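Heads up, the next two complexes both have subunit A, just with different partners, subunit B and then subunit C.
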Partner chain A sequence: MSMSDNISTILASGIRLSLPLAFAACGEYLAERAGTLNISIEGMMLGAAFASIATASMTGSASVGLLAGAVVGLLIGVVHGNLSHRIEINTFVVGLVINALVLGLTSYLITISEFDTHQVAQVGIPVLRDIPIVGEALFVGRWPAFLILAIVPLTWWLVERSRWGLELRAVGENAQAADVTGIKVNKRRRQALMWCGVLAGLGGAYLAVGEVGSFNQNMTAGRGYLVIAAVIFGAWRLKRTLVGCALFGLADAMRLALPALGVTLNSQLLIVAPYLLALLTMLLFAAQHREPRSLGQPFERGTA
Partner chain B sequence: MTLTERTEQPAGTRRPALRLRGIRKAYGPVVACDAVDLTVHTGEIHGLLGENGAGKSTLMKILLGLVPRDDGLILHHGRPVAIASPHEAMALGLGMVHQHFSLIGPLTVWENVILGDSGRIDRAEACAQVETIGKRYGLPVDPTTRVDRLSAGERQRVELIKCLRRDPSVLILDEPTSVLTQAESAELFTVLRRLVQTEERAVILISHKLAEITTATDRVTVLRRGRVVFEARTRQTSPQELARQMVGREVSLRAEGAALGLGALPVDGPEGTAAAEPATAPDPAVPATPTTTSEPAALRLRDVTVTVGGITVLDQLNLDVRAGEIVGLYGVEGNGQATLGDLLCGLVVPAAGTVELAGAPVDLTRPGALHRAGLGIVPEDRHRSGVVLDMSVAENLAMKSLGDVSGRMLLSRRKMHAVAQRLAAEFNIVTPSMDTPVRSLSGGNQQRVVLAREMSANPAVLVAAQPTRGLDVGAIEDMYQRLNRAAADGVAVLLISTELEEVMALASRIAVISAGRITGVLPTREATAERLGMLVGGVTG
Partner chain C sequence: MNGRQAADGTGRRILARLAPGPANWRVVGVTILAVAAALGLSALLIAVTGGSPVASVQALFQGSMADPTAWSSTLLFTAPLLLVALGVCVSARSGFFNLGQEGQVLIGAMAATWVALRLAIPGPVLLVVTFLVAALAAGAWAGLSSLMYRFRGVNVVVSTMLMTFLAQQLVAYMVTTPWLLQESRIGTGTVSPQSNKVPANALLGSVGEYPNLQLNAGLLLALATAVAVAVVLTRTRWGFRLKMVGLNPVTAESAGVRVAALGGFALAVSGALAGLAGAVLLTSPVGTNRLQAGISNNIGWDGLLVALVARNRPLVAIPVAVLFGVLRSGGGFLAATGVPPFLVDVVKALLVLAFVAPPVVMNLISRRSTGRAGRIVSTPARVPEEAVA
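Right, the complex of A and B next:
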């Protein structure tokens, strides 16, 4: 294999591995701008991954599986939203419990069921796919991959330009003031979590029916947490958050590619590489305090 | 109800924009509003006067739909209304400018202004509206600036524009001048007057500053302990009468009067005769400037420089406070006072310079070093750095001297309670029990908890940063007496305040801070409005 082939392969695999993160990151970004540090994104992704394979296996359609993944993500978002932004249970506790529950439940269900392998169709854009080095990486992929091209601008528009997004930002920055202005703080946060659930679900489902074609125990393996790290890395700006996702994806791709390139490193050690990178980048960028000021703070009427 | 009806005068052609009848609200056993009646007419500025905890805020929250009422009737232009949500209040045309601004810092002015609307966002139109309203009422502000880059005065303009854009029939302002300079306050009242005179609006002005109420309002209602105790046309009453009604007893109008904004500002008369007047009656409790200058100052700040985020907030600041004197640090808000307060709390480490207590420099990098060196502080923001709101009164009182209330390993609750009981009695802290969380105490009592704790350590230096902000008259009076007594007992007192009357009434020397530097120190009796004004403006000399 030539050098350019190697680069091309790593790039392509890096992008494929970034995509689940990117979908979920759009959701997490939006939820965090509304003031929820959504821990349960891991559970959303894992639950969706399982649901997509299970549904695909039952219906025979990977695309329906993808949809089912988004629905499961949404459901988890609804549950999380109501627990933490209606009856006001600590959002971190809710998130951790959901993650543990989803991990346990999917691990159990996978042992008692048999699923076929299902993968959505691959598409390539003619001509462009023949561009050397980047062509394969950017213009060939499972079809849901191209959804990201719509979801990123949509998320940006929603947050920065729509009234809903303006209200979300207000809620995330200063929940009390937003309440005084007449915005339903907890309702907006629940809605943000639901949107986050749909996108995280898409991300998890894409991982399962898009890239892998099957489900295995704990297949997200902390990718949800990486997404949270990406939002912090991105200092709560969408563009930089996506750069973070790409970085983590590439780190993951290197892990897979290095043995093939003849570099022998302890594979267990390599698994930690993206997480190590996440930790390092957060250390480097920790000084930029741009987080929404009400992030992680529950809102209750009349406590101020 | 009877009171309202009795005092309700033939209002000519004016009709009531808003009538409240028998409004009642209780939080558990505490009755915040008890059968409150209030009538506000279109075309008038209605003053709502009362101490903290008198029920003003609760009443307004009810009006705005933020808090449900237990009982009572609200008539809006004669029609009964429910007001179950902020939305409904807004739809009725009830707008409020909040005491602590309800603006969202990271958003721009125009974004803040349209927050709470519905429908598509039209940035160009929003900006145009901000500018049009700004022009019409004399409230200039750039719509595209982020709100957290604006000064307090500008933020208030944004709040006003935000309210006025919704064309409110009743505009409520809650302590609007607490963060404004005098010039800004005067400007605000001009705008309000224009509002009620030329447009069909009513304004409710909530304040505890009598001077404001008497100069700016047409009618005034006084609340005390949740009840309406007095209502009159403003020009038919007097500040003394209002003060008496508000407190429920005769206020000794000296230092306390200053707190209420009654104290005459030093006027630069010919030869400064008038100027000398307010300072010629030094409180007997305030000792003259100590004559012995040979001993080191109890508190000395030497060339203190603090930079925050690249901005020099304190710039080689020098200040001495000697034992037994009160030095007033006066200046317009935002000139480094808050940082100085943080520094003396031990929250900020200076880039250069030293803080010396009794001649010995204090290592500010060690937490609690200032406290151990004998400095007590009543911080500006008591919620942030004065008390732990969710801990009990006893715990808050013992917090800085846990050694005194512990055995070898464990905290002794008995000792802690004994100490707390003693301090509560000594400092008149009104609390249901020593185990009550500080959060549920009134502002004045929270402040007493802070003061009691700091004084119980027998400090050599007491720093009081904006100690009376947000307190009611009774609590202010109490605070003044205690500061005077501390000075009389030989404590060096540094009073950081933006209230000129307060500084004039208490301090024997006034240091003026401007842009992080002390621009001048004057004995109070030589402080005239003109000299202070020059120093405040940064003109040294």
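Right, the complex of A and C next:
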């Protein structure tokens, strides 16, 4: 293989690996702007991945599976939202429990069930796909991949331009002040978690019925935490969050591809790079207060 | 954590919420119902997927409690779980939520391996040094998060969580690199990604002689630590200050407590206890006595769940850790009944929910009802003032 072939292969696999992250990151970004540091995103992705394969196997349609994944993500978002922003159980506790429950449940169910392989159709954009090096990476993919082109602007518009997003940001920055102006703080946070669930579900389902075609135990393997790292790396800005997803996906692709190319690079270093980058970003930017001020703090009426 | 909770007239209510006192009978009742529901749901899962709930319970019992051998294995898991949970109790008391136990366990085990294999210390002194270094290393690891919070304001939950992944890869690197901790090659044999076996004088022995029952010294260490933590938290000035910080950082600060320093130290202590758990995992017969990337085996995450069920009370954590030990050792016996061992993970998660939710829900209900009666809610005129503060 020539050098340009190698680059093209790594680029294409990097994009494929970063897409599940990108879907989920749009959701996590929105939830964090509303003040929920949502760690159950791992459970959302894993549960959706399982649901998509199970549904695809039952209905025979991978696209229905994708939809089922989004629905399961939404359900987990509703559960998390009600437990932590209605009943007011600590959000990290809820996240931990949901992650443990989903991991246990999906591992249990996959051990006793047999599912067929299902993958959504691949599409390519004519002409553009023939561009050397980047054509194959950017313009050929499973069809849900192209949904990201709609979801990113939509998320940006929702957060930055809509009335709803303005309220979300107010809730994330100063829940008490938002409450005084009449915004229903916990309701907005629950809604943000629902949106996060849909997108994380899409991400997990894309991983399963889009890229792999099957489900295996703990298939997301910490990708949810990677998404949280991406949002931190992006300093709670959408554009930089997506850059983070792309970087993390590329690092993963290099880890997988380099041994075959005869290049020895420490694989542990590549695995750990995203988390290191996120930590460094926090160290560098913490003083600038980029993070939503109420991030991770529960809101309860009457206690300031 | 960065939260500034201004003091107001409802301090008593906050106190009741953050430090649940003696549970009242209604909470106990609802908890019993919730636990029953959790177990019922688990049984339903088994039944729906074609297994037999009765056979599963029998298998769990066989593997964990039926005879002294089963009890030995249960108690081997109990010790590290309890140590991790005690660490959670300490840091949670100060309001610094540590989410990185899994990594701290690994760092403790790694440091312990290094000492046990590299330092030629004779006799049982080696064991003591091993445990001390494990605690110090894991404490320092957690202390990094404290420093990041103290000097750069980095969110503790996030940094401890991210550092777990660092720890995992660090240990993976250690056991795959020959000049670090990977096992030495004998002749032309193959080497696995694990360390050499820890020497015999760095192993935790059994205490006492009982037929078939092995009481590992690790369990005694964990029990003694539980009592010590309970005493420190409830009977010392340091424990009182921790509680102050956890209940209201702003008040504590004005009362002369250095919040970031104290909470940061509590975080380091919680890491050190997780590190001890790592050393126990390495040196007790629960594993292979070698450092492996998977040596922590989710003990860190499970220990966190133990503390959640025990609602951060050190002495209550003892029976809960035994229960989680039962689930762990019994889980291995499930396979024979055709029920996947992952069932115990489902049971654990549901149990945590069943123990965590009732007090919060009951509190919410009583708060809503007193709120309607107008006894606790602030007058409208005070609300903006508080919101500004």
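Here is the rule we use: the second predicted complex is superposed on the first by the 278 of 304 C-alpha atoms of A that agree within 3 Å, B and C clash if a C-alpha of one lies under 4 Å from a C-alpha of the other, contacts with A are read in each partner's own complex, and residues count from 1 in each chain.
Keep in mind that, in the parts below, contacts are C-beta pairs under 8 Å (C-beta built on N, C-alpha and C of every residue); 3 or more make two chains touch, one makes a residue touch a chain.
None of the values given here were measured: they were computed from a predicted structure.
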For this session: For A:I7, select first, second, both or neither according to whether it touches subunit B, subunit C, the two together, or no partner.
Result: neither
Problem set entry | Partner chain(s) touched by A:I151 [first = subunit B, second = subunit C, both, neither] | neither
For this session: Could you look at A:I133 and tell me whether it touches subunit B, subunit C, both or neither (first, second, both, neither)?
Result: neither
Problem set entry | Which superposed partner A:I228 touches (first subunit B, second subunit C, both, neither) | second
For this session: Please name the chain, subunit B or subunit C, that touches the greater number of residues in subunit A.
Result: C
For this session: Return first, second, both or neither, reflecting whether A:V243 touches subunit B, subunit C, both chains, or no partner chain.
Result: neither
Exercise. For A:L37, is the partner it touches subunit B (first), subunit C (second), both, or none of the two (neither)?
Worked result: second
Exercise. So, does A:V180 touch the first partner subunit B, the second partner subunit C, both, or neither?
Worked result: both
Problem set entry | subunit B/subunit C common contact set on subunit A | 176-177, 179-180, 293, 302
Seminar exercise, completed: Seen from subunit A, its contact residues with subunit B in the complex are 161-163, 166-167, 169-170, 173-174, 176-183, 293, 301-302
Exercise. Across the complex, what residues on subunit A touch subunit C?
Worked result: 37, 39, 83, 87-90, 92-93, 96-98, 100-101, 103-105, 107-109, 111-112, 176-177, 179-180, 222, 225, 228-229, 232, 266, 268-269, 271-272, 275-276, 278-279, 282-283, 286-287, 291, 293, 295-297, 302-304
Seminar exercise, completed: Touching subunit A in the complex, subunit B uses residues 64, 66-67, 85-87, 90, 96, 98, 101-107, 111, 114-121
Problem set entry | subunit A contact footprint on subunit C (complex, rising order) | 1-3, 5-6, 8, 10, 13-14, 45, 49-50, 97, 99, 148, 152-155, 157-159, 161-163, 165-166, 169-170, 172-173, 176, 301, 304-305, 308, 340, 342-346, 348-350, 352-353, 356-357, 360-361, 364, 371, 376-378, 383-384, 386-387, 389
